[in-house]
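All remarks here apply to the structure that follows.
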Amino acid sequence: MMIEAKNINFYYGNFHALKGINIAIPANTVTALIGPSGCGKSTFLRLFNRMNDTIENAKLTGECLVNGQNIYDKTVQVDALRKNVGMVFQKPNPFPKSIYENVAYGLKVNGVSDKKYIAERVEQSLVAAALWDEVKDKLHQSAFALSGGQQQRLCIARALAISPSVLLMDEPASALDPISTSKIEELIHGLKEKYTIVIVTHNMQQAARVSDKTGFFMYGELIEYSDTKKMFLNPENIQTQNYITGRFG
Amino acid sequence: MKILERLLEGMFKMSSAITSIVILLIIIFLFKEGFGLFRSPVVEKGYGLYINSKNPVTDLNPTQIKQIFDGEIENWNEIGGKDESIYLLRFDEIFSIYSDEELGENYQFLPQKLNNIISENSNIIAFFPKKFMPEISSPTKEIANKNIGIPDFIYGKEWLPTTTPSPLFGIIPLVLGTLLVSFLAILIALPFGLGVAIYLSEIANNKVRGMIRPAIELLAGIPSVVYGFFGLVIIVPIVQKMGNISAGETAFTGSLILAIMALPTIISISEDALRNTPLALRESSYALGATQWQTIYKVVIPFASSGISAAIILGIGRAIGETMAVLMVTGNGAVIPHSIFESVRTIPATIAAELGEAPMGGTHYQALFLLGCVLFLFTLVLSIISEIISNKQTSKSA
Amino acid sequence: MKHTELEIQELKIQVKQMWNLVIAQLSKTKIALLENNTALALEVISQEKRVNAYELKIESDCENYIALYSPVAVDLRLALSLIKVSNTLERIGDFAEGIARHTISQECKTIDVKIIEDLGIEKMIDIVLEMLLDGYIAFETENTKLTEKIMSLDIQVDELYKNGFYILAEYIKENPLETMCALRLIIILRKVERIGDHCNNIIEDIVFYVDAEVLKHNNKTSLK
Amino acid sequence: MFSKNIQQKIAFHIFRLLSFSILGVLVWILGFIIYNGIQVINWEFITAFPKEGMTEGGIFPAIIGTIYLVIGSMMFAVPLGIMSAIYISEYASNQKWVKFIRIMTNNLASIPSIVFGLFGMALFVHTFGFGDSILAGSLTLGILIIPLVIRTTEEALKAVPESYRLGSIALGATKFQTIKNVVFPIAFPNIMTGIILSVGRVSGETAPILFTVAAYFLPKLPQSIFDQAMALPYHLYVIATSGTDIEASKPIAYGTAFVLISIVLIINLLAGWIRRYFEKQNPK
């Protein structure tokens, strides 16, 4: 198992945001987390590269394991963890630097100085993010010159450059138009050969299209977690059924 | 790596504490120097006021002393004594009464001669250095030299910091002058500023806005001494001619200049406040058939009212604290103003004009620091009020 | 190629394989019947299970495809018609198997070969095979210009079937002893005629898929 | 009563008039100073010492003095201001502490400049014993503009979208790396604009330097930071109000005012130019 959560409870102050979550995500799969707004799916996702650390009054119990190691262990270095667990955000957030600098950023802040190696990694990452052909002639132009969809793929390339083994995606296509969305989905599909991907999405069709496994969250609980095909054809739980058929609420 | 990060964070934290430390230092230094005034005697240090011991008067307040020495009080009965006219004896007058030989080479006979004079004249009041009055013997009595009191400062109607024997440090004329000039300035600037703010935020198109905004920024950037110079050379003669008065350096002139100087503050803050009115509010007003102007004064201005009040208060604060321009155009007469076409003197102008001449550590110096404290407190209160008001505004928009 | 397209392609390939299998089944049945080849007939019967398996597989794949990819427009029509086409193909497979079972039963070996020729069974099976193949081509090329041809072939099959009735009635009058076998022949004729009808249904589904037109229960002559 | 549409028309016309009269006031002030000043300005005026009791000659020492003061105060205020702003907006997690500092900074900003003059005189001139000197003046001016630097820097940092920080942190960058490589470079143009505007402020301030550095007349340039210096705004003040011969030194006053105004104009243009330049570099 690449990612495991064991009896996770998470609190924002007095608010019990995640309630006893257990999940085991195998390597090289795409797992989609779905559920209504405020159900805790994003919170859960962000636990795995400790992006919730900065929140005040937050409290976590239970174990989060990545590659068998508890990432909240005191010996774990947060920056090293984040290098291994990449993240892509809802809105494309390229830095106001050139395309090249954006992809190279993660390498540089992690102490890589070999120019040749950086150049190689930049190309590989852009190829992997299916962006290379579109940008190879304008690597030194501002990243803002790219379209929204291209920017998001650039952000994926940026995350890939530091060779993570896990890629967390927080609604990576929700700010994009349908064409860009489908390109990102294609990309996710192709990336699972090398990476373990967890994606939070509001869009159930997207979850169905891209994922192998799906977890359904509601009110901070993991209601159901199973193969995507099964989830969408014959969900076990009546709440899941109501949600995915749109009868929820 | 980790240590470096910590180190840097510590450094950042330290520098962020600097402002607080500075404020603390300002308070300490201003108040330390300023309150020294209340530990200083009414009569200049080293000097004393002496009267005949038969005189029932035992103490005089600074105003009475000043009036006696100005000849405004001529009879002891006006200040609770016997019905005798007052005989003033200043230090230098002794030399016209006695020749240098009589006083001795080193003035060694001076104390004795003084004693003689005082005992001979029961209506005398003499102002002399203490060293020439070595002993207070029977015919002579020193008027109790109390410390300058807080009421003397706060309720004093006269600011005469250099008169002898006892300077007067009454801040009322200065406070009134400051307030008069500032409020008048805001009165002029407010309709103007509000109108411009409304025009910029609600009516003007981008091109006009792009023209007026930089102009306002420029107006804010012009140094106050240049405003002062402009006022001195242009506004003062105009006011003089218009008001048909002998000198154009008046409270009104100062207010005009201050109004121009306060405009950028008022405009930019109220424009922000107006602009922050949610679109939904405006649209719902339009949807009910209101015109744009009705929407502005029935919806937008009430919504932005606390922001506008904050702008006004900040404008007043700016005007109260303004030094150079006011110093140059108000004429600096330290009297309680009776009309706006009279010369006035504000607190900051007083400090600027007089600190250079006040001997360090003297009562005048301390009094000027005390004025600084007053100014500090004024602006502190105003800035706290505007803070509270603008907090109200933000909580409304949230 | 996008992975949604890959899914569609995969579906289509399966349907085509099933189609080929059914065509092969029918051809073998024809030979087994005409040449009285029991071994071949047995082969057809055993292969029928594969046809059924194809149907189940295609059906569940279509369900998954609809559930996961929420197809719309042409993709939705494809998924819907593929479910129906696979059902129909399975039915055709059943008929072929039925004919093959008749061959095995061997009860009517004595029947005159000539009557089979007179009935034109071979021709009928050839026609339905052609229909099946044309349907396949139409599906493969996503082209509906063969529709009219297939429908007219179906009319031919119907004609032959009606004719066969009279021929067999004559035959029974002349050879009352062979009545039993003649009735069996009627059943075979009936099955071939049903295959023709099913081929007709298939082309209707394909027209629905390609042109989004519904031909079912329309007056067939009104076509174009 | 007018109909509501006519009311609107009247009101809007009044506002438009008011707004354009602001332009008028500006043109008046600038025009007056530039028109009179430009007749005085020449090479000698800028490079010569004052002569004949300030009625002739130039303002060279005042220009140099102002430059020294600007440099001195910036060296003090810019690093401190930027670092505190970074702490307030990027590090400080304790809200009470931030609130406290912010209140202090706001109050510091609202203190009148003359009070800074008093404070500078008491602390730097007397307590620290720097005497009337460039050092004392620079420190006083520095303290005066720290709030401005803090506020503009803080606003510039706040304008950097949170997503950049998250993006950087998610790539394993530390907080300082994120600030150094992402946040600060993006905020830099705005910070720069703030600094330039505070240069304008410093070069025009008179009250704080009255008692901490400014000299009426010096026959030579300051030799060290412990020397007194002349300064443009103070120079304008003295020759306009208390020169030996006010009428005779009026041209000098116009010239000095012209130089001061030019500094302000240049600084405003520069700030606007920097803003636009970087906006073009990084659209969005």
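Of note:
So that you can tell them apart, the chains are marked A, B, C and D in the order they are listed, and the count of residues begins at 1 in each.
One rule holds in what follows: a contact is a pair of C-beta atoms (placed from the backbone, for glycine too) under 8 Å apart; a residue touches a chain by one contact, two chains touch by 3 or more.
As the structure is a computational prediction, the values presented were derived from the model and not from experiment.
Common neighbours of chain A and chain B (chains touching each): D.
Put simply, the chain farthest from chain B by mean CA position is C. Pairs B-D and A-D differ in how many C-beta pairs touch across them, and the larger number is found at B-D. Note: centroid distance chain B to chain D, computed from Cα atoms, is 24 Å.
Averaging C-alpha coordinates per chain places the centre of chain A 47 Å away from that of chain D. Chain C and chain D have Cα centroids separated by 92 Å. For the pair chain A and chain C, the distance between mean C-alpha positions equals 50 Å.
Because contacts link the chains only in sequence, without closing, their graph is best described as a line. Every pair of chains that touch is listed here: A-C, A-D, B-D. Within the complex, the chain A residues that touch chain C are 182, 186, 189, 205, 208-209, 228-229, 232-233. Taken in their complex, chain C has these residues touching chain A: 2-4, 63-64, 67-70. Remark: chain B residues 1, 4-5, 8-9, 11-20, 22-23, 25-26, 29-30, 33, 191-192, 195-196, 198-200, 203-204, 208, 211-212, 214-219, 221-230, 232-234, 260, 263, 267, 291-294, 296, 314, 317, 320-324, 327-328, 348, 351-352, 355-356, 360, 368-369, 372, 375-376, 379-380, 382-384, 387 touch chain D in the complex. The residues of chain A lying in touch with chain D in their complex are 49, 51, 56, 79-83, 86-87, 89, 91, 93-97, 105-106, 108-110, 142, 144, 155, 158-159, 162.
Across the complex, chain D meets chain B through its residues 4-5, 7-8, 11-12, 14-16, 18-23, 25-26, 29-30, 32-33, 79-81, 83-88, 90-92, 100-101, 103-119, 121-123, 126-127, 143, 146-147, 150, 174-176, 197, 200-201, 203-207, 210-211, 233-234, 236-237, 240-241, 250, 253, 257, 260-261, 264-265, 267-268, 272.
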